[in-house]
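In what follows, a structure is listed as structure tokens, so that the remarks can point back to it.
For clarity, chains are labelled A, B and C in written order, and residue numbers in each chain start from 1.
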């Protein structure tokens, strides 16, 4: 579907050049970023490399989570679905001895199956009900991991997950696994992006916009809500599989409520309307998270406060600032001052 | 065979019988009006036929096929689609996107198709058809406007365009001219007639505006308290004593519109 | 199960039902009025428990006084939550809910920083000794919860159905727009609802303080059960919440006695799933025109 053309950029030659730049710009940025990410692991300290690896895994998490939210369903079970993938991958790798390249997609399938079981009762709920019911289902699965010794290992979880290899190539060490996560994340994000931009992605957004209207123009709402949820679950499972191999050991605490709230913080800080919003949120919060390492015990408080402040003062997340930044930079200083004053008055009036 | 048929259709909410034991039969190519005082069950009837509500008892047939109990999207797939009394559109989408999304059923895209974009040529065809519909409705010039920026009359027309995009055989219009000014009303009336004459779509409409109903429909069903009070041509309806009493007992719409005089 | 265990389990079920009812009623009330969905409700319970720990355990005030003081303290917390979180996010139910998830973090860390995280705070039992009922023994500490909870719920009922404010609150829950047209001030009503929600959760926490190990994280399990109760009860219905609380109280206590606590919680979730499938609007829910 074509974007509405901006009347200001039509006509002159200069404008058409600018238009071309505008269209090419994002691709340039993307290419540059990918190139940097290919070189980076060789220049990084191992700690930062590990961090970037986890970042790739989290990238799959936020993007797949956002995909579910496009239907209007904010799930509270996404981390548990990741856990389902992680447990699935760990058990398959340990007991069936299947190779890494098979185990990770299977982790996705395991999570998708768990997601399919969740969505049946969840379809009866919407909005807040969906949120808390999905929370309860997530807890159910987590309690099963805690309670059941075989095969889940109870509260201590699963240890000694075999290190990954593809066709005899050992991926266990840091740099090869970095590239594994990088490539898997890249593929996952491409697929998720294509879905988001497709007719089906639009149908999901339509469900969010007006569920009853969507149903009446022929979109089977229950079917598509399930579809979105299960697709999201599949990618959460992939992320979980990568995480299990990365850590070598997993336990139920890796997938608890705290992790889920952090996932929500990423999405809320970035915004969930565009594909890029949650990614921006993840980058910003990850950096902030590393900065606050010395204040370990205070971290949940700080990020809890950030969550509250964003929801109150910037409910659209950082992405909602992007369209504003461009024009603002071009304005005259007088106008800028007037804007600041306006903003301050509304701020004071609000508090 | 009638295109739409209901047999003993009832919908109760607790003790309230919104629709009660209703038999209705609409022939292919009809423009059928449903009128009645406020609370007569008109909108509930629409909701039951279109699948938004499940009937308490009774059956609905579309083209001889039983559709009662199906989801609205299934009923839309079988050719029965409704519009809403409220202004219903996807407000973050452009006009063209609104119509395109309503071609969901015909596009029938799979997840793999979505990922690989295999349906691109099909998409071109869908877009062409969407444009054709917009042209017909008279919204083609503003196809790239965001739909929530449109004036009321255009928003209502867009609602009809979206319904048309599903390629219906039966179009159910819930107060299509509500809140419109006389020019918009005239345009919408003309449009509805053209839909039947040129596109061969059967129309079922609920409307409060008596002038529109009487001018447009060949046959009218009057509901009161969920029951069918009477049926007939507009002339018979206006002179029917029961109908006048039903309206006198409530809002007196016939008089308000200067119709009874 | 012999008769002594049976009687004991039945009594324990009544105790659990009373606590669940206290916690869930506040959640349902706040959700009914302007859809305020409070994720930090369990933390309200936790703050109530810490109030008793400080006032009774550390400062040595009499236990009943500590409980009575805990109620307005947590009610105040509810008021503040309404003013600074729910009111600015009123446009979007989920925003308020997620923001209170942030608040839960904040309160947990605050409690952990002030009173320590590691070891659970034991509150000495003010009413030692047990009552013998048939062959069963039940601690007085648990038994006093039943009349306290009943008193609170009856007071709440009296307030909602007999007083001007309470009627206004119920009108507001039914239809905020019409209520506003009748001159009811919505902001006052939402504040009142959150204060009541805080008060009832705080009372529950205060009463449970001598029984539970008090930690910053006790709210987590509490809120899970409260959510299950509220969903089973039909989201915004107070009567539904109480009935569901009794059901869950009995199920949870019996399963805990027969198996263990974890399994009881799992059964609770499954019960919720079954309710959602069979009666999507909850046990008290009804289809509306």
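The working rule: contacts are C-beta pairs under 8 Å (C-beta built on N, C-alpha and C of every residue); 3 or more make two chains touch, one makes a residue touch a chain.
Source: prediction; values computed, not measured.
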In terms of CA centroids, furthest away from chain B sits chain C
Which one of the chains is closest to the middle, using the mean of its C-alpha atoms?
A
Need the CA-centroid distance for the pair chain A / chain B, whole Å please.
41
Cα centroid separation between chain B and chain C, in whole Å?
47
Taking each chain's centre as the mean of its CA atoms, how far is chain A from chain C in angstrom?
33
What residues on chain B touch chain A, complex-wise?
50, 52, 71-74, 76-77, 81-82, 84, 88-94, 96-97, 100-102, 104-105, 107, 109, 111, 113-117, 119, 123, 127, 144-146, 162-163, 165-166
For a test of understanding, state which residues of chain A touch chain B in their complex under the given definition.
1-2, 4-5, 191, 194-195, 198-203, 205-206, 209-210, 212-222, 227, 231
Report the residues of chain A in contact with chain C in the complex, numbered from low to high.
74, 120-122, 124-125, 127-129, 131-133, 135-137, 139-140, 143-144, 146-147, 257-258, 261, 264-265, 268, 297-298, 300-301, 303-308, 311-312, 315, 350
Contacting residues of chain C [partner chain A, same complex]:
31, 35, 37, 84-85, 88-89, 91-99, 101-106, 108-110, 112-113, 117, 220, 224, 227-228, 230-231, 235, 262-263, 265-266, 269-270, 272-274, 276-277, 280
